[in-house]
Each structure stands twice: as structure tokens, then as C-alpha cells.
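I'd like to ask you about the structure that follows.
Per-chain numbering from 1; labels A, B, C and D assigned in written order.
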Amino acid sequence: MGMGVDIRNQMARRASEEIQNGMVVNLGIGIPSLVPNHLSKETKVMFHAENGITGMGPSPNKGEEDENLCNAGGFPVTLTCGGSYTDSAIAFGMIRRGKVDITILGSLQVSQNGDLANWIVPGKKVPGMGGAMELAQKAKKVIVVMNHSDKNGSPKIVPVCTLPLTSSKCVDLIITEMAVFKVTEDGLLLTELFAPYCLENVVTKTGCEFNISENIRRIPY
Amino acid sequence: MDNPFGKITALENVMELFHDGMTLMFGGFGGVGSPPTLIDGILEKGVTNLTLIGNDTGFPTIGIGKLVKAERAKKVIASHIGSNPFAGQQMHEGKLEVEFSPQGILAERIRAGGVGLPAILSDIGMDNAIVAKNKPLFTLNGKNYLVETALTAEVSIVFAKKADEYGNLIYDKSARNTNPLVAMAGDITIAEVEEIVPLGSLATDEIITPGVFVNYVIPSKGVNWKWAWE
Amino acid sequence: MGMGVDIRNQMARRASEEIQNGMVVNLGIGIPSLVPNHLSKETKVMFHAENGITGMGPSPNKGEEDENLCNAGGFPVTLTCGGSYTDSAIAFGMIRRGKVDITILGSLQVSQNGDLANWIVPGKKVPGMGGAMELAQKAKKVIVVMNHSDKNGSPKIVPVCTLPLTSSKCVDLIITEMAVFKVTEDGLLLTELFAPYCLENVVTKTGCEFNISENIRRIPY
Amino acid sequence: MDNPFGKITALENVMELFHDGMTLMFGGFGGVGSPPTLIDGILEKGVTNLTLIGNDTGFPTIGIGKLVKAERAKKVIASHIGSNPFAGQQMHEGKLEVEFSPQGILAERIRAGGVGLPAILSDIGMDNAIVAKNKPLFTLNGKNYLVETALTAEVSIVFAKKADEYGNLIYDKSARNTNPLVAMAGDITIAEVEEIVPLGSLATDEIITPGVFVNYVIPSKGVNWKWAWE
């Protein structure tokens, strides 16, 4: 979407701060897949995949791919020490039972009360929900990492989602290239700004009102 | 190789089980763990008007996607069709009916069929019009749930790493995915396997699908498609 | 119940005739457990146990018991070649999915329309149903092997069960020390007599009317 | 032994999780596969008024039967109590409430709790007054079914052959039985294991219970009862 690798990594790095030792984390495709690169070696995390991998590791080197060891998108991965395989039913059992601590995913829209719309564009793109509904509804913490605006320049953070919902009131944290918002009982709370953006930039590009933290953290480029 | 249970056979001997208009369930996730030799057999036989049940529609040249691309399906029950543009195109043209089910609930519906339960209750996608469409609600302890019905099929096709002569199966890494569930849900289940070993060769604690659920075992000719990442 | 080993084995041998190559068979405790002794070595059968064994073999020799390889009653068994282990949920999945070809079990009463009562004697014995309900309801063929009379001499084959039912209209075949009955649409059909019993003996000891096969098979002692 | 996930611990460190009036789920089938060290710990601590959920009540001196014999349970949800006469006696005396569930449906109710489903539908024991008691009915395609609710517990205790440092578990032969189901159904799950091995020691395709479901692992002191057949 025209964003440079650095900006994408900046967002991924910020998402990685949410991950603590021992957590079970599910990553969506795109920017979320960059998150592991920003974790310290000391942080033991089990990355979870919908197809039945617990403990997914980084992509293999070229030529070392195993066609029977792929992520939910069908692309080769590796297994970390302590990882294991289950069938897909148990993989989702982990999600519904509340064992997935964090899911980090992209979205088309997020509303000010945390509604998530990321599975369908009526009449255009109907990929299907895959595992997004279970993850959005049942992961302990739902983090959306996405561009602040869509390709037409329209805000993706909106008062009410115009696209069909994946799940309502499920998002906990929104990370864009400009800012970080917490979803609270009182709506969105801006807590962080990425350099070089200022508050006015964010207000302009955001489709809904939001509260502003007393102590905004400014994250340098 | 002995064949004391008569389960080990060749592709041509199971082809009569596939017919126009049938319900066919397939193992695999993004094509990984889908049985290439059986899918090619079905494609070559020209079987059509299929109702396909499985996680997703693969890629156009990978897994069940080949059958979808060739317009052999009239209906698909799946959680995702995004990696196979032909599925979406046929859906918009009215050629293909698609029933979307949330991925984990789809897996549980297949499992329920496999273990002889009629339905499960679920709160996934409750307030989503597409998921909830035509599904009965049930109120338990004051909370509403969807009644998600079990799925079975006339024939299930799965892909496994090894089978013994009883049809006990083990799978390879993430190619396990939906296969153990699909293996239970077929009225008849055919396992395509990379290797057939004598009875007693598989470690008994490691068998994932007991041969009780497997009617036929055929040797795989191996994956004959190019993976999306290749 | 005072029956000699030979009579018990005679009943078990008759039950074994129902078993064909390749079948999955669940055996109850008591006389049913003697059935495997009467199968030819050529007949490949997978004996199924509710605790997750497929392919249960005979009891081990004294001193060779494995405390982690026991049948559903908690007593040591062995595993046959090709056997495997699952959790109990899958063991019952096999039953409900119709993969168990035959269940052979004892009973307290059987009615003329095939009702089975074998799980509870109100006010006296309340062991619980265990897996009997699933087996009675879902096995393809339900064979009852039991004494013709209870310890008070009362018939166990009755017009209507007076004890609470395990499952209704589920029994296909009844084998006692005196006779063999098929359960048909028209009630019970006597098909076989064990020596030294004659038809009159059976009529006297049976609590309900029954039809008589045109070709009664007489099984010598 | 490293302990990177902090799951490996000693019996005394998990004892605070057991308290009067709690719901406790246990693995095992006729005592086989029940965790002896944890059961003894609970017995010695004097925890009482328990609601016990598991396949059966064991034998008086075997498995969970010890707790039943010592009158530590106020309620049992099980499929069978016949091998422990104390259970039947306490039931008749009104000291112990027993909820009977058909064995396979009990297993599925525990699994449903373990995988976060609220209930399943079942036709087992439909026309049986004891099974159907207080259970709602649901009509699907003109046929009546029982709504069988999921079971979970504050704590699940299971017995396994080996655990690694993440709590990945493998079981030994038929001692697997209900353990993988019970392991998923506890809000907190404690595995008592015969052997603790380093991360990476278990073959990844053979792990039955992923450590995701296991909070604590304690070493077993071994079976300390005499089996019924000994």
C-alpha cells in the first residue's frame, strides 16, 4: 500500500511490545507477520496458526521449504522448539477456550467502539471469514495493525463500520502508521503518536472523534 | 504386502465411488494436505455437480481448487475462498453456491458429523447475517446460540503420510490440519497415502486416525502441482 | 450364576458365529468376554473398548500385566497387531458413527420387541449406564447373551421390561443357555435350541409368547 | 532442567489451587490414568464438598475413589459408580448427589467445555428419564434431541507419561482415555507426569495435548494403590 518497509516495521515493533513471555499469539498476514522480528530472543512466545501449528517459527531458507509445514495462508514456515501439531478443530479449541492471549490482524475498518470489519467487501471481494471471527471474538486481546486511511484516502477508523462486521466490540488496540489508540468504554483513546505525525494530522485522517491521553507517548521514527 | 482387511487398493478401484451430484468432503488447508491423486482421478473421470465440503477452495491449480476451477462444483461449504479467484467469480455469476462457515466451527461441524453428533451450539458469528442465515437459535441460561448442524459426506478423501494395512493413519506436520476430522465424517473414507506399511509398523500411541474410520487406502502419486510459494 | 464353564462357552461360541472377518466388535464383561476364544485365527477382528482401545487382545500372562493397558472394566489386556489408542471421545465417536458392527452384552431383561434393561435396579443397584446406552442404541447389531432366568427363576425374556430401559427396540439377537431368538418386526423368533433343552422347556421359562422358526437348528452339547 | 515457561513445579506449589466447594475434573477410567500424587495431596489437605467430574468413581482405594470413600464429594458427574460401593451407598444415604451421563456423551460434554463450545445435541438416552431429566429438548429436521451442556471445572487434574517444559503431554496406552479431554476443560489444568523431559525431546507429531492447555506440571510419585486385579 505504498508504505515503506520501515513504517511497516515500526508498526510491527509497536505491536511486539504487547507480547509478554509465555504468551500464545496468533498473527494475521501482512504487517502482523513482521512482529516476531522485533521480539527479543529471551521472550518465549508460542505462535499459533489456525491449521494446527502451535509454536510456528520463521520462514525457512530458500530451498529448505517443507510443503507439509505451512502456515494458515499456505506458505512455508518452521516449527520452534516445543512446538506441536494438532488438527484444526483443536487449534480453534485453543482460541474459543481463551488460550490465545493476543491476535494481531489487519482490518478494512474499525469503529470507535471496537467493531471489526475485515472479511468482506460486498459485491467486490468475498474471501470468506476464515478464522477471523473466532479470533476476533475469543482472543484475550485483539490488536489491529492497519493503514490509517484506505487507498482512496478515506479513514479506516470510523464512527460506525459501513462494511459487514467480522465481530462487534472486539478490538482492544489499533496501531496505524500515525498513532496508537486504545478502545475504552468511552470510545477511542489516543495514547501514542509516531514521528513525524502530530495530533492535527491524526484528527484530520480519523473518521471519528477520540479522546486524547494526558501523556501522549511520542515514538521517534 | 498382505491385505488382511481388503482396504489397500488402487485408484481405479475406488473411482466408482465418485458420481455426479455427490457430496464430497476433502481434507487440507490451502491445498496443504489435500490428496492430489484422488483429486486428479475425480477431475479425469469428469464427475460434476459436486457439493464440496472442506476448509477452503485451495488455489486454482492446487488441491481441491482444480475441481473448482473446472466448474465441477455446484456448491461449496467452506470458510474461505479468497485464494481461488475462480470460486469468487463463479459465485458472482450464480454458478456456484457458497455456504460460509467460520473456520473453527466448520471444523467442529465436520467433527460432529464424524463422531455421530447431530449438532453443536456456537456463539461465533451470532450477530453476523451471513453466518446466522437460516440457522435456528437456542437459548441456554439466558444467552442465545446458533445451532450449527453436523456435516457428513458420501465420500471423504484425505491425505496422510503413512497407512498400515488396517488403514491406521499418521499425518505429516501441518498437513494433518482437517484430515483427521474429514476422515471420520465420510460415509466412506478413502485415504491417499505417501507410504503403506505392514500392520504393526506404526507406533500404537502415535496413530492419529484409527483404521476403523478408513475404508480404502490408495498409494499417492505425489503432489503434482506447483505450490504458490515455489 | 451357577452355570458351568461349558454352558458359558457354548453361549459364547454361538455368539462368535455372528462375527465376520474385518468387523469391529465391542464385548461386555462376563460371558461376552469369552467370545474371542471361539474365533478362528483367520478371522481378523478389531475388539473395541470404551476407554479408547481399538484392537484389544487377550489377557496377558500373570506377571506381564501393564497397569496402563486395561479394558473398560480396569482389568489388564493386550493389544493386537494393528491396534491403536484414542481418547474416550473418539472411542464413542466410532460407536455413534455406526462403525461398531456388533456389541455383545449381558442384560437383566429383554422384552419381546427388543427393549434392553441392563443398567439399573431401582433402590438396589445403581451402577450407572457407562457406555451401554451408546452401544445399545448405535451398534449395528446388538447381541444379548444372558441366562434365560434370573436367580429367582423368573424369566428374563419378558413381554415388557419392568426394569428401567437402557435403550428401546435395540436388541437383534438373544442367546441364552437354552435357545437363540431373533428379534423381528413380529416379535421374537426362536431359531435355535441348545441340547438338552426342548421347545417345551423354553416355552415354560420364557415370559412372553414367541414365534418358532420353521427350521429350528439344534445345537448339540 | 530449565523452566522457561514456569510450568514445572512441585506438588506443594499447586496445593493452594484446591479448596472446599470447588469443581474438580479428573482424568482416568476405572482409576487407570488418574493422577495418584495429586489425589493424595487433595486427600491429605482435607479439601471437601467437592463437585467431581469424570468418567467414573474408580474403586474405593484406587483413583478418585479414595476421595469419594473419604466423603469429600458432595456431587459427582459420571457415567458409572458401580466399582466403588461407597459412591452408591452415599448416594442412597443422601450424602452424595450423582448426575449420570452416558459415557460417550460425558466425554463429549467435557470436550465441548475444553474447546469452548456451550453445548452439543445428542440422541443418546433420549427416552430415558434419568438421562433426560432437566435437559432441554431441541427439534432438528423433525427429530428431538437432548441439549447436553458443556462441562468445565475450576481445576482439571490429569495423568500423563511425559511432559516437556512447555507442558506438551504424551500418554501411555489406554491410560490416555479421558485425559486429553479433561486437560482442555480445566480453567487451570495440572498434569502429573511420570517423566519431565527437555523442550524438544517429544516428537512433534506425537504430542497429544499441546502445552497451551497445561498450566502446571508436577512429577508423579507413582501409583501407590494396589490394582483390583493384583
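By definition in this document, a residue touches a chain if its C-beta (ideal position, glycine included) is under 8 Å from a C-beta of that chain, and two chains touch if they have at least 3 such contacts.
Quick caveat: nothing in here was measured; it's all calculated off a predicted structure.
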item: Chains touching both subunit B and subunit C, listed by label; value: D
item: Required steps from subunit A to subunit C (each step between touching chains, minimum); value: 2
item: Distance-maximising chain from subunit A - centres being C-alpha averages; value: C
item: A-B or A-D - the one linked by more C-beta pairs in contact; value: A-B
item: Length of the line joining the C-alpha centres of subunit B and subunit D, rounded to whole Å; value: 32
item: Subunit A-subunit D separation of Cα centroids, rounded to whole Å; value: 36
item: Gap in Å, rounded to a whole number, between the CA centres of subunit D and subunit C; value: 29
item: For subunit B, residues that touch 2 or more chains besides their own; value: 108, 115, 117, 123, 171-173, 176, 204-205
item: Subunit C residues counted as touching two or more neighbouring chains; value: 79, 85-86, 89, 92-93, 95-96, 138
item: Category of the chain touch graph - line, ring, star, complete, other; value: other
item: Pairs of chains, among all present, that meet the touch criterion; value: A-B, A-D, B-C, B-D, C-D
item: In the complex with subunit B, residue positions of subunit A that touch it; value: 49-53, 65-76, 79, 85-89, 91-93, 95-96, 120, 125-131, 133-134, 137-138, 164-168
item: Partner subunit B, residues of subunit C touching it in the complex; value: 22, 24, 44, 46, 48, 54-55, 79, 81-86, 89-90, 92-99, 138
item: Touch list for subunit B against partner subunit A, complex; value: 29-33, 55-56, 59, 62, 78-83, 88, 91-92, 98, 100, 102-105, 107-108, 110-111, 123-125, 127-131, 161, 171-181, 208, 223, 227-230
item: In the complex with subunit A, residue positions of subunit D that touch it; value: 4-6, 114-117, 164-166, 168, 184, 199-200, 202, 204-205, 207, 210-213
item: Of all residues in subunit D, those that touch subunit B in their complex; value: 108, 112, 115, 117-123, 136, 138, 140, 143, 145, 147, 149, 170-173, 176, 203-206
